[in-house]
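Paired with chain B in one complex and with chain C in the other, chain A is shared by the two complexes that follow.
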Partner chain A sequence: MPAYYLEALTVTLGLVLLIAEAFVSTKSKAWVGIAAAVGLGGVLVLTCIAIGPDAKPDSAWAKWPLWNFYQFDSLARFYKTFALVCTILVILLSIDYRKILARFTDHPGSENGTGEYYALPVFACVGMMLLASAKDLAGAFVALELVTVTFYVMVAYMRRNVGSLEAGVKYLILGALSTGFLVYGIAWVYGATGTMSLSNLQPSISNLQSPTALLFGIALVMVGLGFKIGAVPMQVWIPDVYQGAPTPTTAFLSVGSKAAGFILMIRFLEPFLASDMTRGPVLKLLAILSIATLLFGNLAAIPQTNFKRLLAYSSIAHAGFLLLALASGAPETGSSLGSSQVVSFYLATYLIMTLGVFFVLAQVRIQRDGENITDFNGLGKTNPLLALALTVLLAALAGVPLTAGFIGKFFVFSLAMEAKLWAGVGVAFIAAAAGFYYYLNVVRAMWWADPGDRAAITLPAISKVCIALLTVATLVLGIWPQPILALLK
Partner chain B sequence: MLALLVFLPILAVLAILLGAPARLTAVSASVANLALGLFAAFSWKCSCWSLSLPVLEKPALHLAFGFPDGMSVIMVLLTVIVTLAAVLSGKAPEGREKLYFGSSLLISGGALGAFAATDLFFFYAFHELALIPTFLMIGMLGRGDRKEAAWKITIYLGLGSIILLAGLVWLANLTGTYDIAGMIAAKGSVDPAAQKSIAALLLVGFGTLVSLFPFHSWAAPAYASAPAPVAMLHAGVLKKFGLYGLLRIAIPLVPEGLNAWIIPLLVLLLGNILWVGYVTISQKRLDTMLGNSSVMHMGYIFLAIAALIAFPENPLARPAAVLLMFAHGVSIALLFGLADRIERTTGSLDLSDLGGLAKSAPKLAFVFGIAAMASIGLPGLANFSGEVLVFLAAFKSYDATAGLGPVQIACILSIWGVVISAVYMLRAYRKIFQGPSVKSTEFAADLTLADRIPAVLLVLALFAVGLYPNLLLNLLK
Partner chain C sequence: MPSYLFWLFATVMLIGGAAVIAFRNPVSSALSVVTCFVGLAGLFIGLSAFFVGVIQILVYTGAVMVLFLFIIMLLDLKDEEKRAKGIAPLAAGVGLVIAFVVQLIGVLSRTPNKSAPALNQETLAAAAGHFPVGEKIATSLTAGRLPDVQLIGHTLFTQYNLPLQILGVLLLVATIGVVALSKKQAE
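So, the complex of A and B:
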């Protein structure tokens, strides 16, 4: 099956869901979410059998000009799988979150007007899947905007909640600004090289007499992408937007949107890293970005008291580690992984850990009506197993060995040392130490603090299964990371 | 086979989580492990003990266990002995048995994994696995200022581990492999400039884990508030990981780098022995006194390591360090176990609240006396053979024509530590067991049969090694 069917099917799924939701009037809208998750599950299965033009060069479709804009390699397959898994989990999270959602939409208490919330992630997913296959800057830009515009709606979805509206406005204004940078940067790159196609860029770079204009364009594009991934100095929006947005949207932003930014960054930088003229300055830029991001994300996370806001800073912090891997600029060799593989591996483990944490956070938000670290007080006494799961997930985010998070960090450190990025390595170790502090701060609240009058949490079936699966995956991948690496081959 | 030894406690934890009776499972797993450990001590040269499963291709990582030399065997022996004593002597609070015994087993499994691993990655990872339950147990089931103490040990050891990780990854990067034997074979690729920095990272990293002065202030409060099995397992076993790491990794790989830091190391270890020793004398509670004394005694083992660094061909230094690690592990575990027993029967560990306990609990007094004597270093008990070897090792490189070297000067100063430990141990013994009975000790219960089993186990180990140190030294040949 040609790979582009995947996106086509997913778009169709989204449209069908939107229409069906409009015409079928039921009290509960959970079925929309379940249908979306099942549909995306189907696409996920199809991803395994999708092929690119290289696999069947003789067939008619393999000669279409579409393949000038769209590629399908192992990285594309990996990120499509990533987008689908992430979206499915976010939709499942939304199903359990619909009580809060209903409270802040049209008619408090009724689920009217919450149906689109399950269809929108499907469209964002299409955008991410297209980004995974980006081969042309114009096409990539359209795909990225599909993701961003969908997020504008999803961030501000709780219309009667001031926090959500504030988040929506901030995201819209800063998002539009970053889009401006991105387009302007693409224009400069096009102006300097005369092509938008990423595969044709490299030969045109070598014809350049001076790379100044091109580097200016690259820097502008990096500003735009830095906004998506949450790199300093374009991270200002993250804490407020993450805190205000509905929790499933926050989870989607911190995993899906970030991964989309990184795959585009990998694709975009590939030709520039391959060319001697631009490689040095680009790596330097990445190193500076990563050091600033690591420092800001980790140090600013320390005093946080709101758990959701803490996760926002943590997402900035992880972006710093990912950028450090990119800044090493290592190609794949016989004995070590390349930068893009390490970034992909890290993102996969980050998905598992972060979404697991968000599942727990959503339930605490619903049942204890708060998102502060103190709302986790005594969870070890009231819900020992849930607290154990969250402990494992947070330990993994902090990078404790024998969890998936450690292996990701371990790869990043090895790459950075190999590349002799000593400043980056030093800062990354300080960052990891700070991370140890602020993640375990939550663990401390769970196990050592008194629950007071906080009641035990009863987990809905979907959350229970997801949390259990994600926790077990965190532990298994911490000892046996092969499955993810096999996906990357 | 060695994998079985490591995973038996971890499997027992799973069984406990799934509903098996906590204490029974813990005790039977520990007994089985003790049997396995003793068996290993006789047959460790057999290749049937090692195991290597590939985990990752790039970089090549293996879940690998094995006995590269007798040092690992001794550490494994220490772990299985102390584990059995710890699960036998602890008394879980009502309703928390799962957590209590499960965590103890997890600490033991982590320690065994770290001592048995032949792959750097798992060497480090298993130690961390053991730390997490340590933190949680102190924070949840500890006494007194438990939250404060637990947070302090978490932060100190967390930071220490990360500094250590930096040094280890750097080393692995230079040598190009994570297999410890392979790293040592490729040690030529560690250039002198890197050696000095790596040695500093490893000294601070491992040193924090072993409570090297001035990174020691986590230890006494943590041990004082930890539940008995955690204090026994951490002070007795897990803390030795840092020393084991220095002997296994740092000394073979960065000898010159360490040599550059020998004077600071000697000053710091004297800080352990003299400064912390002085602090120990002024303690008013038995638990903080024992915690500080365990920090102090690390100084002697560091002295043996310093002697090895200064004179790499020193034939005595390595056996001295290993012997003292074993002896200290057993004696401090015994002391912490007995201190818990005293608190349970009298309700206090404040030295001024106690007195005359020997009248109502003569057996307790007798065993505590043996443990205190061992800790001071009385001949016939294991610590004596360890400490004497340390002092001999420090003078092994003594050259009468050149005068006293820095190691010898440090050794002479550190012998004062023996006097210091005699002062505080005997004073504590007198205050607790002698003199007139007070209200809390008048009707105190003596050791029951169940209490005696772990105590006798540890006392036997102390005597066996004390009277016939070759039992362990032969393993090191």
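So, the complex of A and C:
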């Protein structure tokens, strides 16, 4: 099956869901979400049998001009799988979160306003899948805008909640600004090289007399992409937007949107890292970005008292580790992983840990009516199993050995040390130590603080299964990371 | 394009752009954007991109900005006029602009100056070879005319077909977003 069927099927799924939601009137809209998750699961199965034009060069579709904008390699397959898994989990999270969604959308008593909330992630997923196959800057830009515009709507979705609206306006204005930088940068890259196709960029770079104009363009594009991944100094929007947005949107932003930004960055920087003329300055830029991001994300996370805001800073901190892996600029060799594979592996473990934490946070938000760290007080006494799962997930985010998070960080550190980025390694050690402090702060609240009159939490079935699966996956991948590594080969 | 026309239109654009942020009244600002777009359209036409120039006037100046004006008048924004501007944000903004301009001058001074080939009978006829013989694009090009509407359509619907379709999905999502965020609330 040609790979572009995956996106076509996903768009169709989104359209069918929208129409079905409009014409079938039921009291609960949870079935829309379940249908979306099942449909995306079907596409996920099809990802295994999708093929690119190389696999069947004599078929009619392999000669279409479509392949100037679309490629299908192992990295594309990995990030398509990533986008689908992330979207499925976010939709499942939204199903259990619909009580809050209903309260702040149409009318507290009805779910009439919540139907589109399950269809919109499907369209964002299409954009992320297209970004995974990006081969041309024009096509990549349109796909990135599809993701961003969907997020504008999803962030402001709880329109009766002032926090959500404020987050929506902030995200819209800063997102538009970052888009401006991105387009201006693409224009400079095009002006300097005369091509927007990423595969034609490399030969045209070697013909350049002076790389100044091209480097200017690269810097502007990096500013635009820095907004998407949350790199310092383009991170200002993250804490407010993450805190104000509905929790499933926050989870989607911190995992899906970040991964989409990173795959585009990997694709965009590939030709520039391969050319001697631009390799040095690009790596220097990445190293500076990663050091600033690591320092800011981790140190600013320490005084936080709101758990959702803490996760926002934690997502900046993880972006710093990911940038450090990119800054080491290691190519893939037969025996060791390259920078792009380490980034992909790290993102995969990050998805599992972060979404697990968001599932717990959503239920605490609903049943204890708050998102502060103090709302987790005494969870170990009221819900020992849930507290144990959250402890495992947070320990993994901090990078405790025998969890998936440790292996990701270990790969990043070894790459940075091989590349002799000593400043980066030093800052990353401080950052990891700070991470232990602020993640384990929540663990302390759960096990050593008194619950007071806070009631026990009863988990809905979907949340229970997802939290259990994600926690077990964190532990299993911490000892046996081969499944993810096999996907990356 | 004669260079005095370039400077004329560029000056109109710059004045329009500066006026957008200089005016206190939102309606005046919106009209300054219109001025800026008219200058931009002039530049496009001067570069032989007639279709893009006309679309710039019809769509951006005629439709988008008029819609903006309607919205501004409907919302009746008065706060903007009263707001006092602090010196710190102004200084920061000017500082950023200066840094950017210095960077731009540095880059441009090192960039080799290349001129595009002239659009005359010869170059146009040579370009006709890329298109099927006997069709409208090829015949106009051989005759020395620039069929820019056909060329844009051809590029958009063949070469750039995939991004165009993604744009369709994007517009759909935007429409859904508008409906979902602004529909009447049940009480």
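Everything below uses one rule, namely that the second predicted complex is superposed on the first by the 489 of 489 C-alpha atoms of A that agree within 3 Å, B and C clash if a C-alpha of one lies under 4 Å from a C-alpha of the other, contacts with A are read in each partner's own complex, and residues count from 1 in each chain.
Following the convention adopted for this analysis, a residue touches a chain if its C-beta (ideal position, glycine included) is under 8 Å from a C-beta of that chain, and two chains touch if they have at least 3 such contacts.
Treat the numbers as computed from the prediction; the structure is a model and nothing was measured.
Enquirer: Please indicate which partner A:K99 is in contact with in the superposed arrangement: first for chain B, second for chain C, both, or neither.
Expert: Neither partner.
Enquirer: For A:H107, decide between first (touching chain B), second (touching chain C), both and neither.
Expert: Only chain C; A:H107 stays clear of chain B.
Enquirer: For A:K63, is the partner it touches chain B (first), chain C (second), both, or none of the two (neither)?
Expert: neither
Enquirer: Which partner does A:K284 contact after superposing on A: first (chain B), second (chain C), both, neither?
Expert: neither
Enquirer: Give me the intersection of chain A's contacts with chain B and its contacts with chain C, in residue numbers.
Expert: Common to the two interfaces on chain A: nothing.
Enquirer: Once bound in the complex, which stretches of chain A touch chain C?
Expert: 11, 15, 18, 65-66, 68-70, 106-107, 110, 112-113, 116-117, 119-120, 123, 126-127, 130, 138-139, 142-143, 145-146, 149-150, 152-153, 156-157, 159-160, 192, 209-210, 212-213, 216
Enquirer: Can you list the chain C residues touching chain A in their complex?
Expert: 103-104, 106-108, 110-112, 158-163, 166-167, 169-170, 172-174, 176-177, 179-181, 183, 185-187
Enquirer: Under the definition above, what is the set of chain A residues touching chain B in their complex?
Expert: Against chain B, chain A makes touches at 334-337, 380, 384, 391, 395, 400-402, 406-407, 410, 413-414, 417-418, 425, 429, 432-433, 436-437, 440, 443-444, 447-448, 479-482, 485.
Enquirer: Using the touch definition from the top, list the residues of chain B that touch chain A in their complex.
Expert: The contact residues of chain B facing chain A are 55-60, 63, 99, 121, 124-126, 128-129, 132, 135-136, 139-140, 146-147, 150-151, 154-155, 158-159, 162-163, 165-166, 169-170, 172-173, 176.
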